[in-house]
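In order of appearance the chains are A, B and C, and numbering begins at 1 in each one.
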């Protein structure tokens, strides 16, 4: 393992929303081992600290992208990084989405807000190999149109169905309004042969997973990505516990069959 | 251009400002990184605002100070209060539980010359405060940490957990468990480095209530360890009287 | 590891020589000694610093040092610290970084050159605790390399228990006063008409080599028998016991128990239990910068699940805001989910969390209350329904 971050240079900075940016990174010298979609890195902002961020792009060249929302001092520092700046990276850590297990099946991807970022490399892999999967649907929800991550990119994905919905529309919004789960009615899938991948705020994950399993998707085929406080990412600091799980090690991506009961306990 | 630092004082003993002057080794380095624009304790060279970081010591006890702290806020990008007076009203908040006119008549020969508010209140009761640094006085390392963190744009590493964390981290034997000494450590915010227990004394709460306080349980321990009801009251009514009192009421 | 080296006997002078020999070999010797009204663990340079003639009286929330007429050195039980204070220290720098004039940071790892510790007086419960921390910090996919380096260099001299304390419950936690595997040498203190002496068993090649350098004699059957009998008697004199139920299953099934509210009304959330626990390993990391802003360091320090900030989520606040949920996390993790995470219980029955809780909360009593509260159909550890 690499206990010390490796320097990565920001090659491009893309503003996603008012408070969210994607950093495209390339190793200054040595590169970390390959990341699988769903896994995360500990990203170090010099002088401010380290936070866990899932990969939002994995390139064969060793390049990576991380999408960060400015919610604290470290993430604000990362969002403010510009092309040429250097950040520190440790990883890859945690479990991957496990897209291989979805081969030959209908695929449903459900994202809430910045939750689209960790799903993005999975979507790209899926739509790049249409022969390997059944019908692919991408459902995206955001609080407002201004909070939509990947607004230009989403309509370009060649899926069987793409739906975007917001909680609070602005005057220019002509799309759907309401919960992301409402879009499931329009997504073409056969529950018994469907794999789902869900990332977003925890209440949205719970509602989506319950809806999907209610429609007959097997709980173990609903893969969700969870967030907890993480300090070490190597299973040694204890912060990311969710009952029996250490989410840096046993997650962040876990099957709904494993976490449904755990997430129903208040303050676990 | 170097960020401008200003230090102001309201009703207080100056001890927290002195803590900044006590940072002898670091003071030159600090002066190299910031422009000390207003710090009467150190220099009469006063430069006008706006200030990037204002450190405010003392509580609000007069109408003039209430007005002044609004002006300080308006002139400061970040406002950090330092010490028990500024963050909790200080020892002078004892007046909050008494008749201030009676105090005035008892203490002063010509009480009519003294114009004061009925309460001593923390700065945060009057204006928005970006960060509150506890202590009576504040801890030198924590003060430097807050200034350094504001310079670096990061969150100051000033945990709000109990003094017990620090006792255990430095290997101090618990004075309550091993000696039966009454100690407010379990309900007091860390930051002093667990100074008193290291000298076999109970903590007397000069950093105020921690972020996670169970005062009824703490009071049961103090009674168990020999304090009567009045002694418990006195123990809690020192530098952070108003803050502990508020915990009792919630 | 066991060796075929025969048992030996040291007298008090022999034990003194053992300490000075270790010091002469360049080892940092840590062992029990009296300080601030307690038997603490501290660096020793001589054998006479051991707590000869001192015992302890322990109860929930209460620890008192008491003189003993028999002059025993190891008639105390677990004190306010544990060996994690040295193997997994409270503060530790992980790495640092310096920013070059062009803004590029250069990261530097901390060099791994820990002291060569010799721990003298490792109780059987603490021997198990060290093995548990070994699994947590070095047994997974990633090794805590600093812990690992200190641990591999450390020499463990166990001392079996002959005077269990009022808060001890190792027998019901799956251990006992006899030393299990993992020691280099294991001592048993013997005090009778034949004098003050220590039976020594050898657990490793390192232990055997050390014993060779210390004046000793072959163990006689009487000393061996007396030692065995005292340790066996100690097993019957535990101050407390965990209830004999499937605690892992009990706590996994009790997240909604009413008892959590009851204990939360007594709990100060002060974290003392987790800090004194020899297996609690949680840490946090903080960024430490200097005033120039061009040098930054990453420091690790002990943390606790009782800290509100421990479960803090940006934008969401703490996951475990209530005292109830934090106490539940501590107890359930220690006795139940630890099995899921690391393959064993996290409790060795040392009793520190009971003695050093200022409020005197007793985990054995809390578990018993949980069991009493469980619906009758689930009682008796019969497994999941």
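Everything below uses one rule, namely that contacts are C-beta pairs under 8 Å (C-beta built on N, C-alpha and C of every residue); 3 or more make two chains touch, one makes a residue touch a chain.
Model, not experiment: these values are computed from the prediction.
K.L.:
Can you identify the chain nearest the overall CA centroid, using each chain's own CA centroid?
P.N.:
Here the chain at the core of the arrangement is C.
K.L.:
If we define chain centres by averaging CA atoms, which chain lands farthest from chain B? Would you check?
P.N.:
Ranked by distance of C-alpha centres from chain B, the top chain is A.
K.L.:
Please report how many Å separate the Cα centroid of chain A from that of chain C, as a whole number.
P.N.:
Centres of chain A and chain C (C-alpha means) sit 40 Å apart.
K.L.:
In whole angstrom, how far does the Cα centroid of chain B sit from the Cα centroid of chain C?
P.N.:
37
K.L.:
Would you mind pulling out the distance in Å between where the CA atoms of chain A average out and where those of chain B do?
P.N.:
Distance between chain centres, rounded to whole Å: 43 Å.
K.L.:
In chain C, which residues are in touch with two or more of the other chains?
P.N.:
Those would be 286-287, 289, 293, 296.
K.L.:
For chain B, jot down the residues that touch at least 2 other chains.
P.N.:
Correct list: 152, 154.
K.L.:
Which chain A residues reach two or more other chains?
P.N.:
In chain A, the residues touching two or more other chains are 47-49, 72.
K.L.:
Considering only the defined contacts, which chain C positions touch chain B in the complex?
P.N.:
Per the stated touch rule, the residues are 35-38, 40, 61-65, 80-81, 85, 90-91, 265-272, 275-276, 286-293, 296, 301-302, 304, 306-309, 323, 326, 355-359.
K.L.:
In their shared complex, at which residues does chain C touch chain A?
P.N.:
Where chain C meets chain A, its residues are 94-95, 97, 99, 103-109, 136-137, 140-145, 252, 255-256, 281-287, 289, 293, 296, 298, 300, 303, 305, 310-315, 319-322, 324-325, 329, 332-333, 337, 340-341.
K.L.:
Note which residues of chain A are touching chain C in the complex, please.
P.N.:
It is residues 1, 3-7, 28, 44, 46-50, 71-72, 75, 84-86, 88, 227-229, 231-232, 234-239, 241, 243-246, 249, 265-268 of chain A that touch chain C.
K.L.:
Quick one: which bits of chain A touch chain B in the complex? Just the residue numbers, please.
P.N.:
Chain A reaches chain B through residues 47-49, 72-74, 76-77.
K.L.:
Please give the residue numbers of chain B that touch chain A in the complex, ascending.
P.N.:
Result: residues 152-155 of chain B touch chain A.
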